[in-house]
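The following pair of complexes shares a single chain, chain A, combined with chain B in the former and chain C in the latter.
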Partner chain A sequence: MHVSISAEHLFSLFGIPVSNTMLTALVASFLLVIFSYFATRRMKKIPSGMQNFFEWGIEQLFQLVENVMDDRKLAFRFFPLIATFFFFILVSNWMGLLPGFGSIGFYEHGALVPYFRSATADLNTTLAFAMISVIIIQIAGIAALGFRHYGKKFFNFSSPINFFVGLLELISEFAKIISFSFRLFGAVLAGEILLTVITGLVPYVLPLPFMGLELFIGAVQALVFVLLTMVFLKIAMAAQEH
Partner chain B sequence: MEALENFGVNWPFFIAQLVNFAILFFLLKRYLYKPILDMLEKRRAEIEEGLYHAKQMAEDAKKFESEQTALREKAKEESQHIVDNAVLAGERIRDGILKDAAEKAKEIMDAAEIRTEEEKKKMLGEVKGEVLELASAIVEKILSSKMDSENDKKFIQGIMKDK
Partner chain C sequence: MPELKFLAIGIAIGLAAIGAGFGIGKIVAQAIESTGRNPEAHGKIFTMMILGAALTEALAIYALVLSLMILFK
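Right after this comes the complex of A and B.
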């Protein structure tokens, strides 16, 4: 049994290295866009079929965003980002449970290199998402409060206590990147390792409840990521008390 | 950085994921969020409008109904008024006609009376003349024949028979 923490390099395309998680991310993105395109190609006032399903999903998610952001205008502004995080993470997490993921590949140096590996089981992906999330949070804070006011949260020389609180705030912003990325990466990778181990021990029937568990964890992790992003956005945009 | 590299962080892969996310973001925004959110908003606005219209229509109907009741009430009153007036007018006309009729009847009666009176007078005159004629004829007959009791009796009987 071989467990790899990192994504494996598959091949290079025009000098760009392609890893198995990149391939999966591309497939996931492609599927999302294709389904979206066909669901919204002929929008009807009375929805049916795929349009109905997509409308339901979007509406539910939008209501969640609106509830957490507590502001309809803000919800409209941040919804595309939040929804893209959510759908991509959800699809990636669940795709990792499909048969063939992590099992079909080629042997290199005696170890199996799978063609497909869940995109979120790669720190590159989750780190990229965490970076985007944290940078957007900073931009939203500056846009809402102004550069000086927002900066005061981190660089406050009014008193030694405030200075240290600001320092802690600054560190916590960087900690967010780490916590965002490792939480998602860890949960998904752990799930995959768990399934590999269970399947290795008892290949039939027993992995099934764990599959269900992983489905649940996949959805929860997607939700946690977007909920935290929204809460941090809300906090960053809230005026500082003096 | 080395710690991250131990976990498989590799800058080309990292940047590829960033780019992939950015592209996915714009495509989904274009093909998923915008059309659906627009449609949801549109539908919401339409439903709101529909509800508003329905409410207004119900109000209008209520208003119309009350107006109609008021109108009906008024019409009833007016018709009652007209009927009352008509009854009054009718009574007045009837009274007039009755009076006229009574007058005319009296006139006719009077005329009839007068005429009867005249007729009576005329008749009396005629009777008188006839009586006179008869009397003179009787006298003539008596005088022209020799009167005895036998003749007288016959004569009287003859007159009686003639008459």
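Right after this comes the complex of A and C.
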């Protein structure tokens, strides 16, 4: 059994290395665009079929955002970001369960290089998500409280204790990037390894319940990513007590 | 001694699993108890439970990623 932690290099395009996860990230984006196009192609007042299904999904997600943010205006402002994160991570997680992912490829130096690998099973993708999320959180905090007030959370010279607390807050902002990226990456990669091991042990029937488990975990991880983003956004935008 | 590598992986993931197991057990137990006390709040409690469980589970996942890095490097 061979497991690669990092994404495999496929080919180079104008000197830029292209890995298999970049390919699947593109495929996932195209899938989302195509689905959205067909869902909204013939919009009707009374939805049916695909439009109905998509409206239901968007509505459920919006209700969740509204519940967590506790404010309809804030929910409207951040919903596009949250929904993009959610649907992209969800599609990427679930794409990794399709047959052919990790099994179709070519041999290089005696190791299989698969053409497809779930986009979230690559630390680069999840790190990019985490950095976007944390930077947006900082921007939202500054926009809501003002630069001086928000900065006081991290650089506070009023007393030694407050200075130390601010230092810890600063470290925890960077820890957010690490925890966001490693959680998603670890959960998806662990799921793929689990499926590989189970399929290697008993190829028939037994992997089926684990497939269901991975479907569940893929959805939960996407949900957790957006939930945490929303909670941190709320904390960043809340005025500090003195 | 390269064999010690495997011992390290076993200890790391085992300890992480103990911690995360305790944590998630406590979170779910409390969530069930609060749902029993106040069944109408099921939706909110469930969301908070998933959030807490995922935060705790993440600690075990860090250990898992580290052990995978030790194992396959």
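Here is the rule we use: the second predicted complex is superposed on the first by the 242 of 242 C-alpha atoms of A that agree within 3 Å, B and C clash if a C-alpha of one lies under 4 Å from a C-alpha of the other, contacts with A are read in each partner's own complex, and residues count from 1 in each chain.
Following the convention adopted for this analysis, contacts are C-beta pairs under 8 Å (C-beta built on N, C-alpha and C of every residue); 3 or more make two chains touch, one makes a residue touch a chain.
Model, not experiment: these values are computed from the prediction.
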Partners on chain A (chain B, chain C) - clash or fit: fit
Three-chain overlay, vertex chain A: chain B-chain C angle, C-alpha, nearest 10 degrees: 110
First (chain B), second (chain C), both or neither touched by A:Val231: second
Chain B versus chain C as contact partner of A:Thr125, first or second or both or neither: first
Touching partner for A:Ile5 - first (chain B), second (chain C), both, neither: both
Dominant contact partner of chain A by residue count, chain C or chain B: B
Contacts of A:Glu59 with chain B and chain C, given as first, second, both or neither: first
Partner chain in contact with A:Phe88 - chain B first, chain C second, else both or neither: first
First (chain B), second (chain C), both or neither touched by A:Ala25: first
CA minimum distance (chain B, chain C), superposed complexes, angstrom: 7
Residues of chain A contacting chain B in one complex and chain C in the other: 4-5, 185
Residue ranges of chain B in contact with chain A within the complex: 4, 6-10, 12-18, 20-21, 23-25, 27-29, 31-33, 35-37, 39-40, 42-43, 46
Complex interface listing, chain A residues touching chain B: 4-7, 16-19, 21-22, 25-26, 29, 32-33, 36-37, 39-40, 43, 45, 47, 54-55, 58-59, 62, 76, 79-81, 83-84, 87-88, 119, 122-125, 127-129, 131-132, 185
Touching residues on chain C, where the partner in the complex is chain A: 44, 47, 50-51, 54-55, 57-58, 61-62, 64-65, 68-69, 72-73
Contact footprint of chain C on chain A as seen in their complex: 3-5, 64, 67-68, 179, 182-183, 185-187, 189-190, 193, 220-221, 223-224, 227-228, 231
